[in-house]
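Here's the structure, in structure tokens; my notes come after.
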Amino acid sequence: MTYALDVLQLLLLLAAAPLVRGVVSCLKARLQNRHGASVWRPYSELRKLFSKEDLVPPTASPVFRLAPVVLFAATVAAAAFVPALHGSALLGATGDFILLAYLLALGRFFLILGATDGGSPFGGMGASREALVSTLAEAPLLLGLTAVAIAAHTATIAGMVRWTLAQQFFHLSAVHALAFAALALVAIAETGRVPVDNPATHLELTMIHEAMVLEYSGPSLAWIEWAGAIKLSAMMALLIALFMPWGMPVSFSVAGLVVAPVVFALKMAAVAAGLALLESGMAKLRMYLVPDFLGMACALSILAVVFTAMMR
Amino acid sequence: MAHILFNSLLVILLALPAVTLLASPFKALRHLSPALLMIGLVAGAVAAARSLCHPCLIASDLSSITPLPFALALDRLSAYFLLLICVVGAPVALFSFSYVERHYTGRRRDWLWALLPLFLLSMVVVVTASTAFAFLFGWELMTLFSAGLILIDGDDSQRRQKLFTYLLMMHAGAAAVVGAFFMFAPHAAGLDFASIRVAAGLMPAGVRTAVFLLAFIGFGTKAGIVPLHVWLPKAHPIAPSPVSALMSGVMLKTAIYGFVRFGFDFLGTGPAWWGYLVLAAGALSGVLGVLYALAEHDIKRLLAYSSVENIGVIYLGLGAALVFTANHAPGWAALALMGALLHSLNHALFKSLLFLGAGALADATHTLDIEELGGLFNRMRTTGTLLLIACCSIAGLPLFNGFVGEWLTFQSFLGGATLAASAPAIVLPLMAGVLALIGGLAAACFVNLYGVAFLGRPRSVEAGDAVEVPLAMRAGMALLAAACVVIGIAPAIILRPLSAIVQDLIPGASLPEGALSIARFVPWLAAMVIAIMLGVALVRRVTRLTATWACGSPALNSRMQYTSTAFTSPIRKVFAQAYRPDRTLSVEPAEQPYFPASISYHSIRTVHFEQALYRPAVNTIVAAANRLRKLQTGNIQVYLLYMFLALVLLLLFMRLA
Amino acid sequence: MGLISLAAAKTLASSAAFLFITVLLMAAAKRTATCIALFSAQCAIITAQILATAYLHHSGEGFLVAILVFAVKVVIIPYALLRVVKGLKTAGEVETSTTPVQSVYITAALIPLAFVVVRPYVRALAVDGQLLAAAVALVLSGAFLMVSRKKALMQVIGLVVLENGIFVAAITTTSGMPLVIEIGIFFDLLIGVLLMGVFVFRIRDTFDHVDVSKLRQLRG
Amino acid sequence: MTLWIPLLVPLLGAFAVLACRHARVAVRVALGVGAIEVAALANAVWAVHSAGVLQSGHYLRADGLTAFFLINIGLIFSLVLAYSVGYLRHIPHGRFSSARWFFALIFLLLFTMLGVYLSANLGMMWIAVETTTLVSALLVGFYNTEGAVEAGWKYLILCTVGIAFALFGTITLYLAAIRSGLPADTALDWTSLMNAAPQMSGARELIKLAFVFVAVGYGTKIGFVPMHSWLPDAHAEAPSPISAMLSAVLLNCALYALLRFDAITSRAIGSGFSHTLLLALGTLSVVVAAFLMVVQRDLKRLLAYSSIEHMGIVAIGIGLGGPLGLYGALLHTFNHSLAKALLFFTAGHIRSKFGTLRMDRIRGMARSLPWTSVALVIGSLAVVGMPPFGLFVSEFVILTAAFTQAHYLLAIVLLAAISVVFGAMLQHFQGMLCGEPQSMGARGKSLFADVAVMTTCAACLLLLGVRIPAVFTGFLHGAMAVLQ
């Protein structure tokens, strides 16, 4: 029975991903006194892209077409780790955070390869910058998750969520705040949101993720966009699950099943609003300030690990 | 059974040089020695696999013949490393089938086929030795034969200078290893491993620390730990590709074997600072190794530096294991040691695959500089896919074997938090961050290597008309790639024997419960990812080949692509402290900087280890020698004076003694 | 017979003093020929000492050894050395690296040093201290001659003086070695000196000088 | 009787060679006498091996130790003789420098060295050592060039002074023996001294004085630092077969004399004093020679310093004492003599082919002299102590002895010196072996005799490194029994 729930949870997450991105862009538009596109625009965009032709540069190799496929598969597998409706997820029960982090790295690895295969300067530029950002984000991501894992005495994500559920909100120590801040900063860098990278623009001075996918079109671009949306919602769901899981049913009950989606939706909306507020409040950082941004995340995660280990 | 197979391996490897030299005139027997080598190595692999399950103690004992006791044994640890040698050796031999034919002729070809088996034999003797004499016999010969193989490729003065550094450092390292072995002499009945184990228990703490430090320095020099790594990027690139595959993949592992044999088998538990020293060396080597690899254009130098990085990762695992044994947590120590041993095997597999790939590239495009390659995937499809697997494995991505070793090491770092003492509880989890940084940098380095070399447009004429390498070379590489993927997807086949080995080495070690969960979990994960990929690939799509929009300029050409320097420049800017290159920018004429006739920019990455550490040492020796040389003045009266002074001094000494 | 034994005792007592005199004169000598003469005088004194000890110990061998010493050291070796000096035809004087006054002072300083060195052994071995001191003085002055003199021949003379010192030490302490050994030693000494003479001639043929301090080609 | 033959044959041989007119006849006579001599030596060695100790008359005696060193001298002498037959082409004519004199002097040198080994009496041994100096001085100065004369003179003077001190040491021991009651005529007999040694412990000071003088005296002949100054000049200027003979056998001869003395002193007053003295001299020699090898420019001078270093290692072996130390030291003398002979033979070839021994002027040897380069590589690997060859085994044993007696500092210094030597040798030889040969004309044709000599050397070295024959170990243990 739990398998069915986990699969349903995963499908829900995949389906809701474009909606989350739509909500974020709509909220940002409202904050900037613009009407903005409707919340359902990403779905129509995906439908449009799926119907278009897939343009491939003549000099490209099969890796160019393989990259979006591997990216999507890896991101979906990573999303399968993240609990949303109840304490555990399809692969979350036994899979641990190291696998989650490195699955995201697998997706990124092939995306960068796809970008360099395009043979255009933009692809190379995007790939080179993405390599820098992901290299610097790797350490704080893992250290942040390690801090939580040490506190919860387990490496599996389901175990961590179950441990946090058992704590009272007010008993959570400052350490969790540090870990949360570090992981939030890393999430922003990973999903390419404003302070690190601007998802909306094609201005070559600033774009990282967009530069890599400039060569893609049609279904390939659709899979990449969808994978990006899944990654955003998965990271948001992970933050919620690890630091604000209250509302998820601990044991299996029909009432819990009705309440959980509503609570989850409210929390996701709150995080989306926070993100929109942050994005319209801040301008994009210069390229060589990103290392300081991620350096801050790294310092926070190191402190988190040290304090968790001390307070054991 | 394993006993007979192992001896047959030894006999074949010993007989091969004679067979090669005898068979060299006959055209028909050209492939005799490579075939024999393959058979021998396969026999060795089977022997190793069998004795992994039930180790047979004395495999072959030549003490009655040799002047000092010389015995070989196959306990579990030796069997594991013998398996490593044979599993990597066989594909390399298969690869060399055609590589050697195409690159070497006549005497050089015979010398190579004569020295290669001896090189493998010396490594087999090192890992299976069970007496100090046998170990050191193999240890010194290993360096000599590798030097011989390097000389086959040519002996101009630049190569000789590098070879000189290599041999001198290896000899200094060997002196430390000799010291480490002989420190047991006063306490041990004989210098065979059994009595050494007994003596290790009775030794005072001071001597044990001295032995550990000597072993650390001796094996660290051979493994290529950062302060002692200076020879590695010099020696590996100048060897023929199959030989550098064996040197980087297997020879470095004999040093790891030696250090594990000393650190865990002989000395057992020691003070915690041993572990921290090894951790520090591992972290330093890991980070600096990959940073130097990022800055390289020559494939072989890049791979050599990346070997330094992977040895650093292995030392991280060993360091964690030493810290755990010091804090009486044998379970976690076993896990960390397992991670280190597994990473040794994984590194042997993908690093030799990468070096063979480099050999294939050199064979196809006659250049090793990735700045001149590009677009090779379309021209060399099999080599391209195989090296894609290799790059994914070395970057430590899931579904490939690099990840499994690093995952075990990560788990052991998490285990650090369960220790009572506060120091390891803080240090070990932080090491997870260091390992993550190393992993990230390695991924960047190898995505750069693969992307620039294989994808995009060819940057030179040779790259343009590159042709796929012959079947034997591809088959050799395919075997290694298959091994990488199999271990990546189904790690259970290697984790079970490994847990038996670590239980042998660390007494009373029961692995923590979730330790081997990856063995059950990864196959399902692989199935799910592959299923999704098939699903996505099956979605019907119309693809059209069309030139991409080039912002209005007529057409994209290969110079518009990102080169390796450009790709890695952001990372190198961020980690500039590690490089400190000395850049020289000269503008002519100097007085009008804004209307230059010519501008030249030159940047050499100063190898500051060599300048700071080794150059002064060599200079002091030469200076001392010159001062001593002045004593030999040539004047007979001064010589007479030396004699009379010596006599007077000795008489005074007699008076006092 | 008393007279002869009285004479023997007297020679034993006085030979040490005579030896010291020859050592000092040799240090001051300017020409090689005088050095050779002083050397043969020294050997004569030693022969007398051997005769005296032989007579006192009534050992027939002693007389044989005395005759041998007289033949080899007093006659043959000086004669050979003089022929070499004449054969060289170059300037006969002794080129030294230290001025004659300095060498005399140094040699003079060596003599008390010899007495100091010898004192513990004289008590332990109950031997005539004077003679033992003379032996050590001979060894030290021979060494000093070899180090300070530049002429090849002077080095030979220094060497032979050193051998004399050792020989005197042997006689005073052990009253004579087995005869065959004594004969062997003298035979060796003789051949050694002859060979050195040959080499001196060779040096003159090849280098047109016999200044040992200029032989500095082989260095490092 | 079996001892007189090997002693007198070379003496007669020397005169026989001098008597023949033509060089070709002289060579043939020399080879014949050489063959007889080797047979006589073999017979003597086998007789000693079976009978334990051979004593003939008052003055000749041979025991286990002598047998061991006779094997060494027999093997090296036959190699040198065979090699010098091919070497005669290079002897320039002048006084004393004709083929007849060359062989005559070699036989005389052999006669004197056998005199040292076979003498039962310390006095006779001293006389024999003195005559070896005289004869080898002539051989060193054989070429009559400026360098040879200078080297010969320095060798003669320095060694004679050294030997004089050794004489004083022998006399002091003789005095100590007489003082503790030995009869005068047998006071210098080695066997009687050994038997009476325990009673001589009374004259402790005298025996220590004797050992100091003997150590300095025979130390000069062995080439311990600081009395080594003559050795590089003599070995560099002498003809190559003679340098091989000097380095491989003459140093061992002086070492044999020192071993005889050390046996008596350690039995009389305990080995404390003498072994510390040997350790000090040995370590000093190893370190100074190692450093000097780094800056050498001439090949034969480099090999001479390598001999000083290896004699230092042997001294350390003897100084450590005990079964391990002694076994290592004796084995090291044998291995070293083989390796050094091989290297000097190759030096002879290089000189004849390139006309110079300046290592920085020799290039591309591997292509112009293939066989000699192989021999040079094998020889240098052996001398540096690389595994498959004998010296690795003996250095291994000596290091084990050092560590077993907890001489950690000494062992670390020895290991460091060996590494410095490895670096120096590698730096010099890689320059010579590789690179493009200048226009050296036709490749040097190598005589069958030379190739045969070099292959026997290399084969023996390899054999002693991998499998020491039982017979040889028997001789080795026989030699050790004498000294224990």
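Letters A, B, C and D mark the chains as written, and numbering starts fresh at 1 in each.
Note that a residue touches a chain if its C-beta (ideal position, glycine included) is under 8 Å from a C-beta of that chain, and two chains touch if they have at least 3 such contacts.
Predicted, not measured: the structure shown is a model, and the values here were computed from it.
Least step count on the touch graph, chain A to chain D: 2. Listing every chain that touches chain A and chain B alike gives an empty result. Taking the mean of all protein C-alpha atoms as the reference point, the chain centroid lying nearest to it belongs to B. Which two chains touch most often is answered by the contact tally, and the pair is A-B. Of all chains, the one whose CA centroid is most distant from that of chain D is A. Inter-chain spacing, taken between the CA centroids of chain C and chain D, is 32 Å.
In whole angstrom, the spacing between the mean C-alpha positions of chain B and chain C is 71. In terms of their C-alpha centroids, the spacing between chain B and chain D amounts to 44 Å. Rounded to whole angstrom units, the spacing between the C-alpha centres of chain A and chain C is 103. Touching two or more other chains at once are residues 629, 632, 636, 640 of chain B. Across the assembly, chain D contributes residues 153-154, 157, 161, 232, 295 that each touch 2 or more other chains. Among the residues of chain A, none is in touch with two or more other chains.
According to the touch criterion at the top of this document, the contacting chain pairs are A-B, B-C, B-D, C-D.
Per the touch definition, chain B reaches chain D in the complex via residues 65-68, 133, 136-137, 140-141, 144, 151, 155-157, 160, 163-164, 167-168, 171-172, 175, 178-179, 182-183, 185-186, 191, 210, 621-622, 624-626, 628-629, 632, 636, 638-640, 642-643, 645-647, 650-651, 653-654, 657.
Remark: chain A residues 50, 53-65, 68-70, 72-74, 76-77, 80, 91, 94-95, 98-99, 101-103, 105-106, 108-109, 112-113, 116-121, 123-125, 127-129, 131-132, 134-143, 146-147, 149-150, 153-156, 215, 218-220, 223, 287-288, 291, 298, 301-302, 305-306, 308-310, 312 touch chain B in the complex.
Within the complex formed with chain B, the residues of chain C that make contact are 97, 143, 146-148, 150, 155, 212-213, 215-220.
Contacts from chain C toward chain D in the complex involve residues 120, 124-125, 139, 143, 146, 152, 155, 159, 162-163, 166, 169-170, 173-174, 176-178, 180-181, 184-185, 187-188, 191-192, 195-196, 199, 202-203, 206-207, 212, 215, 217-218, 220. Residues 375, 377-378, 384, 388, 392, 395-399, 403, 407, 410-411, 413-414, 417-418, 422, 425-426, 429-430, 432-434, 436-437, 439-441, 443-444, 447-448, 450-452, 454-457, 514, 517, 520-521, 524-525, 528-530, 532-533, 536-537, 539, 541-548, 550, 556, 558, 560-562, 566-571, 573-574 of chain B touch chain A in their complex.
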